[in-house]
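Consider the two complexes below, in which chain A is the common component and chain B and chain C are the respective partners.
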Partner chain A sequence: MSAVDTAPFASPASGGVAETLPAHLLGHAAATGDRIAMRKKHLGLWRSYTWDEYAERAAAVGIGLRALGVEPGDRVAIHANNRPAWMIADMGVQGIGAIAVGVYPTSPTAEVEYVLSHSGSVVLIAEDEEQVDKVLAARSDLPDLRTVVVKDPRGVDLSDDWIMTMDELEALGAGQRQDFGSAVAALDPSQCAIIVYTSGTTGPPKGAMLSHDNLMAAARGSGTEFEVGPDQEVLSYLPLCHIAERLISGVNAVTQGYVVNFGESTETFAQDLAEVQPTFFVGVPRVWEKFMALIQIKMGDAGWIKRKNYDLWMGVGGRLARKRWRGEKLRGVNGLLYFLGWVFLFRSLRRKLGLSRVRGALSGAAPVSPQVLEYFWAMGIPIREVYGQTENTAQGTIIPADDVRIGMVGKAMTGAEVILADDGEILTRGPGTFLGYFRNPEATAETVDADGWLHTGDVGEFDDDGFLRITDRKKDIIITAGGKNISPSEIENRLKTSPYVREAVVIGDQRKYLTALIGIELDTVGDWATRRRIAFTTYGDLSAKPEVKELVSEWVEKVNTEMAQVETIKGFELLPKELDQEDGEVTATQKVKRRAIETEFSELIEGMYR
Partner chain B sequence: MTALGVSNVEVVYNEVVLVLRGVSLTVPEGQIVALLGANGAGKTTLLRAITGLLDVHHGRVTKGSVSLSGADITRADPAKRVKAGLAQVMEGRRIFAELTVDENLRTGAMSRRNREAFDDNRARVLEMFPLLAGRLRSTAGYLSGGEQQMLAIGRALMASPDVLLLDEPSLGLAPRIVDQIRDIIVQVNESGTSVLLVEQNANMALQAAHHGYVLEHGRIVKDGPGQDLLADKDIREFYLGMGESGRRSFRDVKTYRRRKSWGS
Partner chain C sequence: MAALPLRSVPAGGRPSRQLVLDYRDDLRIFPDRWARFGLVVLAFLYIWLPTQEVSDAGLRTLSTIAIVAIGAIGLNLLTGYTGQVSLGHAFFVGVGSYSAAYLGAAQEWPFLLYMPAAILLGVFLGAVIGPFALRLRGHYLVIVTLGLVFLGMHVFRNWTSVTGGNRGTQIRGADMSIGPLDFSGLELFGSTFTREQSMFFLVWALLALAALLAKNLVRSRMGRAMQAVRDRDLSAEIIGVDLARTKVGAFAISSGFAACAGVLSGLQIRFASPDDFDLFLSIEYVAIVIIGGAGTIFGAILGAFFVIGVEEFISHYSRSEWLGPVVRTGPGDSGFFSVGELNAVLFGGFIVVFLLFEPRGLAALWLRAKAWFLTWPFSY
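Let's look at the complex of A and B:
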């Protein structure tokens, strides 16, 4: 762990107290207690939480946990969908020096059990009956777990001494904000604050320990680079267990003091987004691809005037975007053109998506195809790619706002150093570098070297101006039988820009040529089939239609023409089922587990090499 | 030969509520096909799309087509569909309570003008339902639930349909009566009528059916031969209320719906 710049920045909490998230929270409550910190849509109504309420309840949770015997350094797990209680619990846990561990709400029992037992969590804060059931199923294998606190007790058997409600927990610690304040003041910021279990595309998840200092470094770094301030509104929708959403809904929100909105549920994402119209939005590639497919399908159904209008202004927008990438302001004729595009297309398009107010947008967590980014730039949404990982608290590189280069991930963030190892592996160093993997010193030693460089496992290259371009995950790079190195994700992302393609897995390691397993997008291909009067029943049935194979085949051919000879896909098969976390095919963040896929569909794969 | 074909049907109510999202299924001639699904999955809507009774509910088939013995009936008038060989037993039996059993049966033959065929049909129905034969003069409203269901099926058969649509025939009946109704459906089918059986009672439906479809949120998520579905692990858990080790107790009924993505 390198030294951290501890100079306070815009912190109302400073005054001898070490900078931590709970300290910032108390600072906001003291300075602007009446301002809104969070909103939550519940049963169709938006309810607001002020900073004062946020702090009061976090204090109650913290002191309540202490009454349950939780000591500094103990792990407390949180297993819930994004909601204010998640953040309140997180702040309460961190405030008393305990360690918050997030569990993905979609995780099946086995995964929940692994995280709870590996982290040795003493208390679990679970959302509802569904999550409580998962832990009950694993109860006998969790000797460290003393209490389960349930937020929404409907249907839960409360006569069980093991289980209590969140209301009861908060009642235990109610009205003791002073005590909580002293606990926060006594925090040692170099200690671990949270453990983030990486979703792990290979092997079991690993618990990355992040200290208060790490989180503050991220607040400083990303607060500057993301250009977020107290007047922002965000929608919290990516899993809070993941570092990206934790930074947006937790770290940056609590340090900058902007408003975090929580939607009704994960199913109502599109509607929630349209209602919130956030000013700052972070998307993972899957989200951007889905938006793109949605618009393209709608346009396919639209009349010709609408289509012509769309083609015209998207074309104009694309040309204007190229000027903005070079840092040019749109003035004069260009300003007028953009204004007209806004009036005739962008305004309504962006309002329907929920992005009409977006001033800044990021894409991260996985590589994205340049075509996707260009598409959103054309409608005036300034998406910048960021690159980082849990182990460096997402403090890697970012595209500068005034020098946008599509296809690159930009320059090192403020406070971070980024270099390449001899074999091209990307190394980072800085105050964001994590403390290590929990209970796994071997993996820690493999990841952070003696000089403090974090080995990211990604391979990349710098251009002459110091912009980083990611080639691929080191482990994923395909070496064909002919000895050529190929980055599968680049081809896969290009394939996924089609609205009809949801998933693509390129295969070809140690083989003569490349092939691919492709998963279709049920909504769009279903719509396509309907318009062509091709009857289908289930996903598997649709996937097996020769017409659908032909449709995808045309697309693969088109992508092939853009690729170098060795990178062309010589054959492909459509996946007979939708990939699912429960079946172990994708991670909680919907990343494909290559090994699992290659084993499960080995027959399909071998068939393409016969 | 396909008795009834539904191809990519999409149904919208009041121009806004999208209930069926591209549903396709086929009832082969001489077979029983079961359609399973929870409340609100769209089962009844699909039947309405087949019978043409959507407009009274402000619904509309916006995409796709329905065919009866190869002829397109997507936009046909409901009466024409009945003439073409379609009959439906509605959910909740809907017999004419004030009329006698015999009069109820006669209304079923409304669309058939042939006197000779009428007598044949009546004899056949009464043979199939001996219970009704003994009560021809009774007021239908005084029959038991099971008898009313039999009357409703008998009434539909009076039109000697090629395809019989049954909407939840087991609703509100005792288990023993449900078994009887199941046997009757099999019997009806054996005498040459193709059947589309819409049921929440998945166990009963799959025992009788040659083939089954599972409808969820307006989309077919799984289909297969009846026996295969009965044995399917997910179907057992989600539609037959069976856990890993046999029948589950009502105490274990959950407040949440387990997320399920269907393989194929």
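Let's look at the complex of A and C:
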């Protein structure tokens, strides 16, 4: 480890060096260089990366990129699944003042091309042959792209001058940590550090520019609110291009200094989670719903003793959770009950899921059904909803740890202001507010007003204690022909709590009544059908079975009984295919593109109103 | 602007126990606290049991169990792990016993010499028989190994200078000392132990050693190769397992264990005669492996407990009111079976019942109970 030049970073705040993520990285390398920063599962073994290695390689990437002619302010795209190289590249790019642009690994060629050309990226760091092939297909339309760096060159034609390996890039900049240190020291924290392309349920993705200051504000805000410290272990599994995982695996990890674990692949998520047993876990609603479906299906197959045990303690846990939401400590009889529940159910159940050590858990990025949150609270997982978006670096609101209210998204986070506009739209302001949309000043002007208020596009309301409740996306709110305002996401999320329902899209804008398009969960419904000896071939075939329609119909009826009269679903159709990113039906984060769905399945929809 | 907490305190949490940081983590024999706790309990029983008021007959039974378990572990390596069914195990046990008689008692070799010599002889003979398994499978291999038993009996009966022929041979005065410890009558810490007590210490220590050896073998490259051969020898060969080496090796190792058990049983009953190593002994070993659980080391030990236990039970109650009419205990006595015949019938029955209802043996009962708790709160 080079002793030179890391000293000022040991305390960036006092040493005159501006606070940035690369500065923090160098600080950790100087102070606790031999500690573990990341782990990656490779061929069955969890390999460790120390802070020193992390900094050394980030420096090599940064200086290597500079040798390729990357200037401060240039965009460098990263197109890979979550792995240490992603973070190393991110830090290297930010360290030399260039701008890191993440591309979703699941993006089809057209989307990759759009992001690369819109951002004008000069270098692309791609994971493997699969991602390189996508960019090769769009090569002629990407005049700005000078070099493609590939991490895993298996199968890639390296005789092409356009392509080099990550090892070669790191060799270019090896051993020049001092230069990297000077570059980091010279960073202007008000400049753009990363561009995050929002997934865009309408129209093409927009590139939100976040500065170093934004990221530091997020580190400060979420570091306090999430209650994360240096003794945490997390598993990095959500796409790193999304602000949520970037905050957990990047921003907070590098500022707080906890360990980030990267699993073997996206397919092995469940196994990786069970091995890592993280102490802090962030899930999107889809992940929590999937866990819930998994438990319910497996419980259905369990023997009666195990089922009774589960029913008993989940019931007890549910009652105890209500006390914990009010901030009560579980003492005396309640403490004993929780302990017994822990011995008989929660401990083993959470261990099976991989959440046995979780001290804090968050749900964010999309609205979640209250039933889902209650379910996890019942087994003792203190899951809190957090509300934010890329444009405010996810610095919106969060449920306070000592005053949990299910169905709300909580109070403004430290440093952020949250108010409502006259029409009910939620506005936020604070150090997390982004610099603007890249190459799109019109959209920027529409989003941030003259007073610095960010228009979130969400509609909500405050209760008397200042807790925010989100109604829905402003443009998603359904106004029925009868003039009633209805929030579809609430109904949709309630529908999605069934293990058999994966997608639900409520329809009814300018119509007499509500209907829904429902997508079944192939695994669970397939399992259900197999047990009933219903033969099926594909998703479409299974979806078309009258028995399956009957199964979903029972569930819809049940949900209807909980809804107000105008909110009941009068008819539904099952989607004949799985929604897919390639077909433009969902975004990379699996959010449904409502307009696209309504056009694609217009015949199905019209059929329900005939 | 408030500075972020830039701590130089130990960063990073402690990794969870499920995290495999090294391939060695995957191969641990005693992976958790419970396994280590069990080990301590066993060690305590080993020291404590013989010093208690257990009769010499009781200790002798326990020693027999350990001796048979050593042989059964050997057969389990061959049958349970490599999938080669053999009825020839009795022959190799016989080789061990006669080695003890000839080398130990007649030639007066020290224990530390004739024991390894007997094992090596077993290994060698096993390696000679092994190649048959390369050409033959299933029933055909069983018939060849069956032939081995009769071949062995013939040799035992007729090589009188070594085996004493039909009348058998005494095994008296064979050395049983390892260093300062003489297991024919142990003197330790000022107290003297009987032959039975000393024998108990010796054979259970050897069983522990054998079990450890076998456990280590099956988690090694050789062990994985054996299991691949068992599951499908053709596929095993395709993934690069040397079939000849593995099958012959399995026979050789298995026979080594059998010879070791043979030496110890010779020392225990102090006599060897050809009739002791007939087909029935082979069937008894197969029964132990099947009843105990093929493909588990502790299954072999469980099986030994069960089979020897049943044998003891029958011979103990053979004169009782309810077994008396069935069992013939002397000439002219009424009853259909001799004690040995009843055993043979029972074990035949047990093999059938276990193969039908619990093919993985007694060990599976335990494994299933364990799985029930390990999969808690689910069923899989």
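Worth a mention:
FYI, the second predicted complex is superposed on the first by the 596 of 610 C-alpha atoms of A that agree within 3 Å, B and C clash if a C-alpha of one lies under 4 Å from a C-alpha of the other, contacts with A are read in each partner's own complex, and residues count from 1 in each chain.
Convention: a contact is a pair of C-beta atoms (placed from the backbone, for glycine too) under 8 Å apart; a residue touches a chain by one contact, two chains touch by 3 or more.
Predicted model, so just to flag it, every value in this text is computed and none were measured.
Within the superposed three-chain model, A:K352 lies in touch with chain C and out of touch with chain B [touch as defined at top]. Shared-chain residue A:K549: touches no atom of chain B or chain C.
When the two structures are aligned on the shared chain, A:P230 is found in touch with chain C, with no touch to chain B.
Of the two partner chains placed by superposition, only chain C is touched by A:K298; chain B is not.
The larger set of touched chain A residues comes from C, when the choice is between chain B and chain C. By the document's definition of touching, of the two partners only chain C reaches A:Q256; chain B does not. When the two structures are aligned on the shared chain, A:Y539 is found in touch with chain B, with no touch to chain C. When the two structures are aligned on the shared chain, A:G155 is found in touch with chain B, with no touch to chain C. In the superposed model, A:R469 makes contact with neither chain B nor chain C. Contacts of chain A with chain B, set against its contacts with chain C after fitting on chain A, share not one residue.
Partner chain A is touched in their complex by these residues of chain C: 1-16, 18-23, 26, 376-380. Against chain C, in their complex, chain A makes its touches with residues 10-14, 19, 24, 27-28, 31-32, 35-37, 39, 44-46, 48, 51, 216, 219-220, 223, 230-233, 255-259, 274-277, 279, 298-299, 301-303, 306, 309-310, 345, 348-349, 352, 357. Contacts from chain A toward chain B in the complex involve residues 106, 128-130, 133, 154-155, 526-527, 529-531, 533-541, 543, 576-578, 580, 582-583. Chain B contributes residues 5, 7-8, 10, 21-25, 63-65, 213, 220-223, 254-256, 258-259, 261-264 to its touches with chain A in the complex.
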